[in-house]
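Lettered A, B, C and D in written order, each chain numbered from 1.
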């Protein structure tokens, strides 16, 4: 098959300050569906157009932020390769048995990348409802609600040694750089990386604190959905950080907003399809504001400061 | 890299009855750009969001139809593999030197699949203008015109022994079946195949005449573009075959229309992203009308009869 | 005030064959809200963006069709003028007391126009919920559901002596002709009439049977809503007569579909704003197909035959 | 006819610092069409969906700002009434002969409202091209270009004694208040006024300097057009003041941006249709930020400060 190795960014476990408030927010406003809870009280959620058991986990904690991001890979063999190659790259590897902390998930390997983020990989995941139909399927099996996000899309990770995390994702995990933003000295500030055709499954930005989440994104279809999302956010008193707008980077149409714990979430739509024969698109330092905020053409105050 | 082997359906050479009328149609109405002509009078065209030299070739001929469909592959090594594997599968392989009949294209290998269609593969293609910018890029470098198609997307091929052509595309070329339509006896009538994430790069339908083209599709972004396309078609007296509508198959939003020679063209938008861990979606015979024409829920008269 | 006299087409009482099936259809699929029932079993409905008590009444009967269309006028004084002027025009006038058969409605006058349709006028209507907010209002107070129609829009009436009904609407009721469709002999087949800025509040087409309803239309905002409406129709097995498409007449974007009793309903969006200084737009007989069905450019079989 | 008196806001004469730069901006970026120039060097422009000779006049001057706003009325008789009623209200009236400074325009009467703005009224205007077709019309006769605005829509005027200007527009000109924004003391800060069905033809905000223009707006159809407008603005380095966003007031979807002279322009879409039986919608002081900037829910710094 033509897509191999790491298939896609497929999940995140997120820390939230108040669990039930957060569950309400993610189910009623964002439009995820609760598919279960763990014995230690975490809540498992998914979007309506996903087959996998869940793509989002909420864990109550003292501080907001991400516990880990998870990538689905093509096969158990590839997991084995990854375990070896990750160790060879010099990163730690933890083996996590099937159906331990993530119900419905097969065995995982877990590492910690140089930017300080825990990254998990897994090949086997059970399905759960809701999910797309496969016999004479309608366009959805449950009507999207609230913002109506369709699928997990990507995350932007902030941390030190970004170039090493990028090197790991590219050399070991086979991801490709799709776009880059440069510092004044020409070094790379931020890299957008794809597993396959998405404009990005993960992006990494050089930052002085490790393990920080800039945002996690779910997908919408188009600009009309983005406008609808903004309406829903206002009617639910959600704090919008920026947008509705377009990114110059990836051309995506987007809103950044905050969950009740201060985690930044994105609804992301459009964006081109990447192929490995495409050149990397580069934003020099003077244009990076336009790259991120295509309409105002400058970063807002929060962009390089507010993370969780 | 995570996308390997055959990257995508990337071009077609089409026969038209009157060359200049067709060039006007494809440039002024469909919105392709002429990038050159060959010494034997063929016209090379591309869409505004493509890097490759051209994705569409018009050749004046006595009858309409397709000369061949072309797929871009990841590497010259993969071309070598394909040549061998194609022969091993039992199909003929012709080697076509670089820059012979397709200016800007590296060497190709060419075969004839059981349904009677010529299929070419190539790894190296020069770039041409217009193409997307890569340094602080705007969202386009030339304003889309007419219908404003963005990229070559897919084709539906009609011919005998469809299951053998499908087997070739899957076993040799590494494509995946995304959706299927069944006959009353449960055998497969039509298969939608992807190279990577597209809902389909090529589809194949069992038909009694070989080498027939049902339609070739260029991509638009969304339903709004589809409506705009329909307006442009009416204002240019283009014959619409069906649409604006949605396909149940792939969920794509679409119009089928005819070029001045009677070749059926599609503008295709939306549709989900395929991943290799997704189950195949299946349409039984009683629902295949709904699968293709989601709103009328029955095939129109032309669908199984009019080909070129 | 600058809008005087007849303000708008504002309601219809419709006959349906099975009441509860119809209530389900209009509330769950079309997205109207039930606001009450009468002692004789009729069901009162409204759309989410209307202040008036109700805009739609379902009455169970042996045959489908319309009982009457209602227009709201600017004042009780205007009702008095209308009663006199209607009699002077030669049409019958019935006075209907407030809160008789239409709860929440003030007194009405009722006439029967030459095409055989009962037409009511009223100045005073109580409000009901849901309705738009007026203190720091959100964009809606209840989330639109199903197709999510916003407001009553217009109806197309079929009957004999259409030109006399049009003359009544223009000379007595102060409506303006916005567009016209002609017969081969240059006489008028159909006239689209406005009370104010809508492209049409009512249209009248010459037909050999009196009192027939071609369709009644509710408003949507835009083409995206039209596509969503088509999706909802298919998922609810609603029979679509035509569309999604555009009308050349009024430029409206539209779907014609049938309720469970065979009444044709329209979801109508876009269309320009009429002003009294605009010239009448005219469609000659050879182009009237394009005027109604802008994309196929010919009437479908149902258009001049299927009425209720 | 049901719309009488003042039909609509229909034109503005605007002062710009550099004429040719401004003509380029309004024709190439905004998408107006130049229809002529006057002997004193002013440039006459219109939008593609207007019949009237022109709706926009650019005059080179030392300072930006508006010379006057013009309203079209239903008849010359109404002009006579307006001249008398305006004088009776206590405002000056100047009679301007046909075809003097505004080619194609019949006679006008001109006054100066208490907020210090010159306001003209006229009944007769010649048509010019481009304009909508009226015989078997296509949806446009010239393809919209740039942002592609359709028609003149409204202006927001800033000046002292706003309540007196509002009283003039309502009592003399027959306009209706559609929405209002209040000061902390409950007095009115800003009133949105309609001539007929638009959510506003003109709005008036209390301000300490007379005759100021906050913005003049042209109409687009929908949110998709608003997104396209933002793209075009960025690609042409136009300064965006706010948006793409929605107003809570009128529900319009919008972008505020600046012309090269610093005049604020708006592209405005959607918004409900007003009728005279609708209650006035009111925004108290604590919610007025949300009323204007529905997504950020607070006025930006420019809103009450930057005028021309």
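In this text, a residue touches a chain if its C-beta (ideal position, glycine included) is under 8 Å from a C-beta of that chain, and two chains touch if they have at least 3 such contacts.
What you see is a predicted model, and the numbers here were worked out from it, not measured in a lab.
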For subunit A placed onto subunit B, the superposition rotation in degrees, Cα atoms, nearest 5: 180
From subunit B, the most remote chain by mean C-alpha position: D
Euclidean distance of C-alpha centroids - subunit C vs subunit D, Å: 31
Interchain centroid distance [CA atoms averaged], subunit B/subunit C, Å: 44
Approximate Å spacing (C-alpha centroids) for the pair subunit B, subunit D: 48
Residues of subunit D engaged with two or more neighbouring chains: 138-139, 223-224, 231, 234, 246, 248, 290, 294
Of subunit C, residues touching subunit B in the complex: 223-224, 227, 230-231, 233-234, 240, 243-246, 248, 253, 290, 294-297
Partner subunit D, residues of subunit C touching it in the complex: 1-8, 49, 51, 72, 74, 132-139, 151, 174-176, 194-198, 221-224, 246, 248, 251, 270, 272-273, 275-284, 287, 290-291, 294
In the complex, subunit D residues that touch subunit B: 138-139, 224, 231, 234-235
